[in-house]
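Chains here go by letter, A, B and C, matching the order in which they are written, and residues are numbered from 1 within each.
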Amino acid sequence: MKETNISRRSVLKGTAALGMASTAPMFFVRNAYADGYLNDPGDASSVTLGFNVPQTGAYADEGADELRAYQLAVSHLNGEGDGGMMNTMQPLSLKGNGILGKKVEYVTGDTQTKSDAARASAKRMIEKDGAVMITGGSSSGVAIAVQGLCQEAGVIFMAGLTHSNDTTGKDKRRNGFRHFFNGYMSGAALGPVLEKAYGTERNAYHLTADYTWGWTQEASIKASTENIGWNTQTTVKTPVGAGDFSQYITPVLNSGADTLILNHYGKDMINSLTQAVQFGLRDKSVNGKDFVIIVPLYSRLMAQGAGEAVQGIFGSTNWHWSLQDEGSKAFVKSFGAAYGFPPSQAAHTCYVQTLLYADACERAGTFMPCEVVNALEGHKFDGMGNGPTEYRAEDHQCFKDVLVVQGKENPSSQFDVLEVVEVTPRAQVEYAPDNEFFAGGDLGPCNNGAA
Amino acid sequence: MLPKKITDSELSIVLIFSAVVLTMPIWLAPIGAGYPDLLQKFAIFGLFAIGYNILFGMTGYLSFGHAAFLGVGSYAAVWSFKLLTMNVLPAVVFGVLFSGLFAFLIGYVSLRRSGIYFSILTLAFAQMSYNLAYSVLTPITNGETGLQLTNHDPRIIDTMLLDQAPEGLPSTVLFGVKMSGYPGFYFCALILILGFFIALRISRSPFGLVLKGIKSNQTRMKFTGFNTRPYMITAFVISGMYAGLAGSLMAVTDPLAGAERMQWTASGEVVLMTILGGVGTLIGPVLGAGLIKYFENIFSAFNDKALHELFAFLPDGLENFVVTVVSPFVGEGWHLTLGVLFMIIIIFLPGGIIQGMEKINNRFFKRSSSAKSGSNES
Amino acid sequence: MDAIFLQILNGLDKGGAYALIALGLTLAFGTLGIVNFAHGALFMLGAFCAVSIQALLTLSKKVKDESITFFDAYKEQPYLEIWWGDIGTTIIDYAVPISILAAIPLMLLIGLSMERGLIRFFYKRTHAEQILVTFGLAIVIQELIKANFGANPIPTPAPDIVSGSAKIGSALGLSDAIVYPWWRLIYLSFSVVVLAAVFAFLQFTTFGMVVRAGMHDRDMVNLMGIDVERKFTIVFGLAAVVAGLAGVMYAPILPPDYHIGMDFLVLSFVVVVVGGMGSLGGAVAAGFLLGILQSFASMNEVKSIFPGIDQIIIYLVAVIILLVRPRGLMGRKGVMED
């Protein structure tokens, strides 16, 4: 090999220069939208939304249901199909000709229920596909991560299924909005129902998924059950995805507790509940009281996985297909006609979020994020399945009725897993924006993504 | 340790590599990959895989724990953004330092064993890091949600230099240039080129020869009175630092660090990248990293609607048929494609894509294959 | 005291499962020298045997629920119940035990075809390549299952009669609070029986003798004119059957989903390594050891002293064992050692 006298330094210089040279044109491209906002559709005949849902991993079925709801929402926005909730939504600015006269297109991506993958997928939609709004998610960690990204990038984020207090508490962002309810609301809604069913003298044992959602849920439920006079005996953190929870259930047996609260979701919930029932906890009695199990956050899709174990067990949910108000009926009807089965609560919240975003753009007269934020903040609406609802300006959380449900003893069909026990009115689950469970966050300014 | 002079062939390799990497935004655009985030990912994971190859490719030690170093690098970088400054240089330096330190600790222990025991040891350490980061260490890692910037971060250096705090969350910068979008990509690309250059030099240095000697027969090396352990630990730490560098770059382009980056499946991913591209080659791991990231971001985004648009040129009946056949492998089925592809590569092309390209080269261009066969280094 | 008793029982129960899951892995390694990352997938396939048999037995006549008009909701009545009445109900109730009968030939077939179709080409390749190709296979298998059964877990309950828990405490004169699920006790006894059967098979049959000899010195046995490879193929089939049975029996404890195999993969490797690669006795000992340690590490009293210990105990044990005694608890000297 022949050796030359080129030093390492000069090689680096050369490559650096090459880098700079090829960078230059890109800066001009970036400056092109300096005055407007990121991904302004301009004169284009269509506008693109980004649907970011888990397609692989534990929540893939939930993600698939969310995607169905999004596709349904897009077809309704574009004036196809029977219009679904566009017939019941009030007030309504949508005309069935897309959004602001532009046909709605969409792109999809896989979050894999991982923050990194979800952010990568959302970035692709923003950078490559020109999405003006990102929506989706099936867990709080992902929702918070993507919400942060959308804030930094300068697009609107309409959260899908996320139940952690932090999404609109500690980690709230100006560009992010959540329609789904949260851990605090679950606690507030469950409290009175539990008091009525199980009395005021209970000894509760918590098993809690050991991550942020689990902790906020545990704190919320603990506060609301202690409020009705219950004693919190022990709280135990369990690893996420433990599979076999038996080593955490055995200490419950002779702990003297008479109530087991499972702050688990998804597979963890299915496994811990199935196993707790196998341990005979449901047939047990302690100090003359029947032992009871409570699952504060229910999902029908997940409850199906636990089979008969859910029967008689209380929990809360954002929405259920058996609701009889006009909005729910219209949505279930068009979803059922399109896919042959009822929508899940995840599908519902995603569908509603899409319509709400579109409606806000229509009212704002633009897709510009800051204008859309203005249109959504403090917006009051009705006819979307949860009664009169408000997007509170202070934290971008929807305030609406919450459902308390119970596993059904005699299901009349494969979808008839949960029974709505009570529709807890909005007033009862409301809280001040500076409530201790939500303190510490700051919406910050909105971001148009230009500048 | 490194030879002082750079040879002509090295120079041309690096120049070609640089040209190819820096023009990626242009030639990747037609296949839908020419947007900043994916380009950044190509560069970052290319770097990760190059570093991993210094351990696995050169010494044959199969580590299942390298994702832990990536995670440590990310956490260190984000903490640097939170506590010190939004400038990316300290973040990168801290990322490399901390991951190097962490790699030294784990390597020192794990390298007492070899073969599958080494693999299991690294796997165990990585899983412990992941599990703790997800739960007990939440004050440091912010657990499931991941470590993010907030408006209340102290950022000591920045607040000293600036009079008033900017409104909203700040972005990562390199002396005034924002490190998102294309500038972020070029920053990562330059570091990738630098990393590639260093790896090239290492592989041709006496140190690299020792590592290859360890791979072919460690016992013989030991019998000749050679203490291989310091070399192994050095290789382990270097590859850990590459991982930490990649992790800190992830934080630079997107200031967030999550625990799942450390999971054993993430470690498995870099193994897949390296093998897919070609173990022991310099360019192979970069190719493999690119391919897997392309699958993850582009293949997973094909839905039925996109497929119908793609095959719209076919007659209706045929179009529907093709879409039906293809759809299980894209969108939510992209894992399946990856698994199948992976098996095919391992079974038929243990040398990865590089070997495949050599085979094609030999078949169609009938070069004197015997003379060329030794040069699978680049 | 009661708490300790319960945790020991729980540890044994977990240990039985761990040993059973790891047994096939260590068997395949000890005989064929194959590091099989698709072992978890075999376990998962076993669990889905139970799911499929249950689905088959509960093929139902669908009666439309007329109260629901927007989509088709059915009240399902299985044909078996319609045809055979109570006998049909009983058969459905026993779906999981029945699945065991189906799983044995099915898993044997899967194991044999896996060995003949793929694994045998990898005997001469490095462990790294074996790991990678079987890992790829595992991904393919689980994605196929996901495409067919969805991603959500599917409930596969145990027969009614054993769905509750046994009152061990009152039977032994201890506290009444000590109860333990019947199915878990059955799982424990089942794993002991299967483990014993495999041991007996290898210890007391001619076939087993040849296999053990082959494990010691493959070339020598070959030289004696015995086709070791054919024997080892059957051993791989046996390993698949054991993994499958472990899966079938686990279905009532953990409603199966497509990812259940991957969830157990790392764990089963740790059990094998702690026990000693290729050592059957070691896998059993390590299974019980890890089970009991994990059970105790999960107690609140322990967790308050070492926060998060329950999350890492398994790995911690693996690290300590590998550093102190690299051949594992009962591994043969020289196997995979430096």
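Everything below uses one rule, namely that contacts are C-beta pairs under 8 Å (C-beta built on N, C-alpha and C of every residue); 3 or more make two chains touch, one makes a residue touch a chain.
All values derive from a computational prediction rather than experimental measurement.
Of all chains, the one whose Cα centroid sits at the greatest distance from that of chain A is C. The chain pair B-C and the chain pair A-C differ in C-beta contact count, and the higher one is A-C.
The geometric centre of chain A is 32 Å away from that of chain B, both derived from CA atoms.
Measuring from the averaged C-alpha position of chain A to that of chain C gives a distance of 35 Å.
Across the assembly, chain A contributes 56, 60, 210, 237, 239 as residues in contact with two or more other chains.
Under the contact definition stated at the top, the residues of chain B that touch 2 or more other chains are 131, 135-136, 335.
In chain C, the positions touching at least two other chains are 311. Considering their complex, residues 56, 60, 62, 109, 112-117, 119-121, 123-125, 127-128, 131-132, 135-137, 264, 268, 271-272, 275, 328, 333, 335-336, 338-340, 342-343, 346-347, 350 of chain B touch chain C. For chain B in complex with chain A, the touching residues are 5-9, 11, 14-15, 18-19, 22-23, 25, 32, 34-38, 41, 131, 134-136, 138, 142-146, 148, 150-152, 167-169, 171, 180-183, 186, 189-190, 193-194, 197, 250, 254, 256, 258, 260-261, 296-298, 300-301, 303, 306, 331-332, 334-335.
Partner chain B is touched in their complex by these residues of chain C: 35, 118, 121, 125-129, 131-133, 135-140, 143-144, 147, 266, 269-270, 273, 277, 307-308, 311-312, 315-316, 318-319, 322-323, 326, 336, 338.
Those residues of chain C that touch chain A in the complex are listed here as 2-3, 6-7, 9-11, 13-14, 17, 65, 67-68, 70-76, 146, 150-155, 157-158, 163-165, 175, 177-181, 183-184, 252-255, 257, 259-260, 263-264, 294-295, 298-300, 303, 310-311.
Contacts from chain A toward chain B in the complex involve residues 1-8, 11-12, 14-16, 18-20, 22-23, 26-27, 29-30, 55-56, 60, 63-64, 67, 107-110, 114-117, 119-121, 123-124, 127-128, 140-141, 144-145, 148-149, 151-152, 166, 171, 210-213, 237, 239-240, 442, 444-445, 447.
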